[in-house]
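Before I ask anything, let me first share the structure, which is written out below as structure tokens.
Each chain gets a letter, A, B, C and D, in the order it is written, and its residues are counted from 1.
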Amino acid sequence: MAHLLSEDSQLVKDWASDQDAFKGVSWGKAMMWIFLLSDTFIFSSFLVGYMTVRMSVTEPWPNASEVFALTIAGHHIPLILIAIMTFILITSSGTMAMAVNMGYARKRKQAARLMFVTALLGASFVGMQAFEWTKLIEEGVRPWGNPFGAAQFGSTFFMVTGFHGLHVSAGVIYLLIVARKIQLGHYEKEGNYQIVEIAGLYWHFVDLVWVFIFAFFYLW
Amino acid sequence: MSTSNALGQESQEHNTQEHPIGLYLKIWVLLFVLSTLSYMVDYMQLQGYLRWTLIIIFMLLKAGLIVAVFMHMMWERLALIYAILLPPLCLLVLIGLMAIEADYTILMRYDFFGR
Amino acid sequence: MPLAIALILIVVLSVLFQVFTPWWSTPVASNWGHIDDTLVITGLITGVVFIAVNIFIAVAIIRYRHREGHKADYQPENKKLEWTLIGLTTLGIVGMLAPGLFVYSEFVDVPEEADHFEVVGQQWQWSFRFPGEDGVLGHADNRFITPDNPFGLKPDDPNGADDRLVLSNEVHLPLNRPVKVLMRSKDVLHDFYVPQFRAKMDLVPGTVSYFWFTPTRPGQFEILCAELCGVGHYNMRGKVVVETERAYREWMAGLPTFAKLQEGTTLTDSSDLSFEELVEQGRQLSQAQGCIGCHSLDGSPTPGPTWLNLYGKQEELADGSSVLVDDGYLREAIVNPNSQIVKGFAPMMPPYPFTDVQLDATVAFIKSLSDKAPNQEGDTQ
Amino acid sequence: MNEPQSFWTKYVWSQDHKVIAVQYSITAIVAGIVALVLSVLMRMQLGFPDSVPFMDSEAYYQAMTLHGMIMVIYLLTALFLGGFGNYMIPLMVGARDMVFPYLNMLSYWFYLLSVIVLMASFFVPGGPTGAGWTLYPPQAILTGTPGTDWGIITMLISLAIFIVAATMGGLNYVTTVLQARCRGMTLMRMPLTVWGIFVATIMALLAFPALFVSAVMMLFDKLLGTSFFMPAVVSMGQALDYDGGSPVLFQHLFWFFGHPEVYIVALPAFGIVSDLISVHARKNIFGFRMMVWAIVFIGVLSFVVWAHHMYVSGMNPYFGFFFAITTLVIAVPTAIKVYNWVLTLWRGDIHLTVPMLYAIAFISTFVIGGLTGLFLGNVIVDIPLSDTYFVVAHFHMVMGVSPILVIFGAIYHWYPKITGRMLNDTIGKTHFWITFIGTYAIYFPMHYLGILGMPRRYYAYENYEFIPQSAHDLNSFISAMAIVVAVAQVLYIYNLFWSYWKGKEAGPNPWGATSLEWQTPQTPPVHGNWGEKLPEVHRWAYDYSVPGYDEDFVPQTQPQPEDRPAGEMA
């Protein structure tokens, strides 16, 4: 720690320098990071709200493992849909990371193609979420109550996954726009493909949030 | 973006985040494994502290990998890393106190409402 | 220069105001005199700082105001001075915080021997519950509230049967006995506040809050609501009577128990009841349902029209027409309140789906409050 | 440089930070005037009951709620961040504009939309919400409170839109300060104005999320029947379908936003007033480093003190110890700031210009507001005082009067740069004296009503035995003073208009200030701010009365002489 704060550490030098504190970070990327920081607080507040109501209701909390189970080919498998959604989102993060790599390698076509794949995976995630919502609504889960236990189960489920789903949907649109622009060669002139990395930051963040939702809402 | 450039962003040395594809693939596989493990926690019906510890460990490992590698945090300069990672710490105070508060509420409810 | 004078004047006038003010804490009537002491300590320390800073500015303005040829000193920082000031400030903070936390630890630590009773709030009235012989309050929850069970006592909890209920906004407490106040709300946040006791706490629906105190002075004290609770907030009044142990016991003996109330309030058929009995039923019903939170019984202004001399009166309505307040109008106004709004009042009363018997009782009670009501005897339709 | 040409692109759909700043400021001030009128109506009712015919208890609570909400969010936050932040940051750090001007423009239009939605709540069925600016559930969405059908919905939606606007603006401000400074402009050479706004903006980005989330959750409680904040309740004799929620959770989330919010307003004011004092005392700000660290320290600490607003809320009572300690610790950096302001005056060359009058008045009122905060932060002292007029007096002194005095002073100080003309001194002084003395007369005695025990948020105080007649008389006096002060604000507005056309020509640097915004090639600065070449900074912003120079100020752009090594603070 002492080393980190000493006068000649890179940390102190960067902060004490003129013009920019984040060396080599473009305006867009800096802004995206700061936005994600703010968004972290939004999701954390949602999850804190969820934690508090879950801990303070006297009704029993439904067993997520059961509620989200599917019967496939006669087998009753707990949480299987959620597991698949998790894998899809992780896969999309992987393709996104490769798109960033292609962008920096100036492989325009591949970058755009990988981004389209990412968007497709994202869209299928949203599709599965829609399926999950439909299933739960058919089973009688509503924001104000459900047949399995505490009413807040439904409220927080729709609120938290809904908000995350909105983020994914927005991300899909964002990725599509950027990918299209790359295809059309909009960034060719400046030769700077950092936009892919910025879009990637957002996309990975959405994945990151899902990691927490998966752990706290579905597994806990 | 274009508007900002119109006003002239000073040229800066962009430290491009170029890393070998192989690394991404490795992380990808690792994330798959971790997700499977955390799924297995539920599938095996582990309960109690063991369950919660495992869930948290796998969650933090996954989150760490995504932030560090996919979001390139480990290659960023310390100035950015600290600026992004320190502020969420104050959320820990909120989380901790709200856990205590929720606990207090449920105790009151059991004590006085008799449910 | 005028500014320097103004600042000095502000200091002088503030100090004079402080010394001669007729507006100061009400005389304390509980054991929380220590709270007043912490207030005085804080007042002294902050007062010194207030005077010092203002006078310092005034002197600086006088000494260093702009004159031709004068130039300011160049002194970016003075580490020693700054750290001295930080040290002094910390000292002052500790001086306020330490006694404060000490008294607060007394405040949250309820003595073993303390009695307890419950305050229940609803828009906009108070009611109270005492534990009865067994010394234990029965479980109670808003989910059990019915017209017959206004406190929402858990019907099958044996501890609740002997609980003594106060359906009016007046509570009695014995002198010099520590008491823990448990608080609960039926609808929104309220705050049980008696200025002379110093302590106050919110009533929160969905949980129970508490504080404790020992009344140290006999007398009657006003209860106020100190947490915004809707349009009637400013009029949510009550009374604490602090009296000798004996008087308190007598008062307590007159209170109905929960078990007794349950037997008595099941309204059956109004034709069996005398007018007086009906009026009494109506009184209890309108307290339980919160009617008197909005409709005063003594003519004082409240969110809804007062019930004093209401019956038989010509009311002007919001649409300009007028109507005679009779049985029919009152019954309609309870079941479907927003159909005919009295001029000057907001359409905010919710419909009360009363049974015929309940309507009879309520109307009879309103009638009993009016000297214009014709033939009080028997006419209950 | 694509200079916008038509009136519409230049003044309406403008992406120039300076125009956006003025748009923000004008909108905020108009909203503020509405809130001021509401406060006069309330004071009329309190001082002279039943003097305003339509002021029934319902209208009173609606006025009270909207007054508080507009003043805190739509006036103060918007004016300091959207107004001053927008105007000052690029000019003071030597940037051509905000880093993303288009987003900056969107930020304003979203803000305007939020104000329009808010104002629309006056006309929706049931009127605006009367739940108090804290919007505590359950009462905010239950019958018995005005505006529970449409008022509360428009209020929450307006807040959500405001948060979107604040986020878009805030991202710009923070990124601009971090990444778009000119050569030589290190963080430690930035004027304190920028520091205050910078830290406040970071706090806004991290605190508004909690408000956003609680607004969303309350909207769901209201519209979908969820029970986040709603336990089982029996409202007006009707058992409702809610169950299991926790009203205290809302309060925690609200104040997790709400306390940082206090400093979101205060920190820019701290920064600006530091600069005003330094410029007009012709002396460097005393203890600059300490001032910066105090701002940062206050910013961080303000995230762990929130529940000192909830000492009597029925939360876990043991929280009182934790929050009393953190709250009183925050008093130390705040006190340092006060010491450094007054020590800046000491041995200065104090020009009692109108901005300086406001600045000094700020110190005096802020000291009262800050010191009374020590009463309310110390949990046991707070218990008798909470929810009384003491609280009203405290937060009006600390969050109402003092930041507003800074705003008056700041507008006076920078008006010449914005318009090229000076404001009128005579009107300025008249306005200053009425406002300063008037607010003292309003709020100083009000503390004593609180100590007496008069609860706040009361529509009337009829027949309370513990309130003597003299207290009612004092209340009337306070109301009379409030009306005088409110009316006096017309002077300031008049001054703004009159001087725009008739004011004295200002020249580029009328106060002889060192910071960058006074060194622009044109006054008012044109689009792009700096002409061909960005400025270069060679020293901190506080080189006033430096020994060895003829002038009593050395602009930041002036290079250090060869023979003089850069000084400690340069």
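We adopt the following convention: a contact is a pair of C-beta atoms (placed from the backbone, for glycine too) under 8 Å apart; a residue touches a chain by one contact, two chains touch by 3 or more.
These figures come from a predicted structure and were not determined experimentally.
Between chain B and chain C, the least number of touch steps comes to 1.
When the partners of chain A are compared with those of chain C, the chains appearing in both lists are B, D. The chain pair with the larger count of C-beta pairs in contact, out of C-D and A-D, is C-D. Averaged Cα coordinates give chain B a centre that lies 34 Å from the centre of chain D. Inter-chain spacing, taken between the CA centroids of chain A and chain D, is 34 Å. Taking each chain's centre as the mean of its C-alpha atoms, chain A lies 11 Å from chain B.
Residue positions 15, 19-22, 25, 27-28, 30, 37, 41, 44, 48, 52-53, 56-58 of chain A are each in touch with at least two other chains. Within chain B, the positions touching two or more other chains are listed as 4, 9-10, 87, 94, 98, 101-102, 105, 109, 113, 115.
Residues of chain D in contact with two or more other chains: 99-100, 180, 206, 243-246, 248-249, 252, 256. The full set of touching chain pairs reads A-B, A-D, B-C, B-D, C-D. Contact residues of chain B toward chain C in the complex are 105, 108-109, 111-115. Considering their complex, residues 1, 3, 6-7, 10, 14, 17, 21-26, 32, 34-36, 38-39, 42-43, 45-46, 49-50, 53-54, 56-57, 60-61, 64-66, 70-78, 81-82, 85-86, 89-90, 93, 96-97, 100-101, 103-105, 107-108, 122-123, 141-143, 145, 147, 152, 183, 186-189, 191, 193, 195-196, 198-207, 209, 222, 224-235, 289-290, 300-301, 303, 344, 346, 348-350, 352 of chain C touch chain D.
Here chain B touches chain D in the complex through residues 3-4, 6-10, 87, 90, 93-94, 97-98, 100-102, 104-105, going by the rule given at the top. Those residues of chain D whose C-beta lies close enough to touch chain B in the complex are 1-2, 15, 96-97, 99-102, 180, 202, 206, 246, 248-249, 252, 256, 300, 303-304, 307, 315-316, 319, 322, 528, 534.
Listing the residues of chain D that touch chain C in their complex gives 56-58, 61, 130-132, 136, 138-139, 142-146, 230-239, 243-248, 281-284, 286-290, 312-314, 317-318, 320-321, 324-325, 328-329, 331-332, 335-336, 338-340, 342-343, 345-352, 357, 360-361, 363-364, 367-368, 371-372, 374-375, 378-381, 383-388, 436-437, 440, 444-445, 448-449, 451-453, 455, 457-466, 468, 470-471, 474, 542, 544-547, 552, 568-569.
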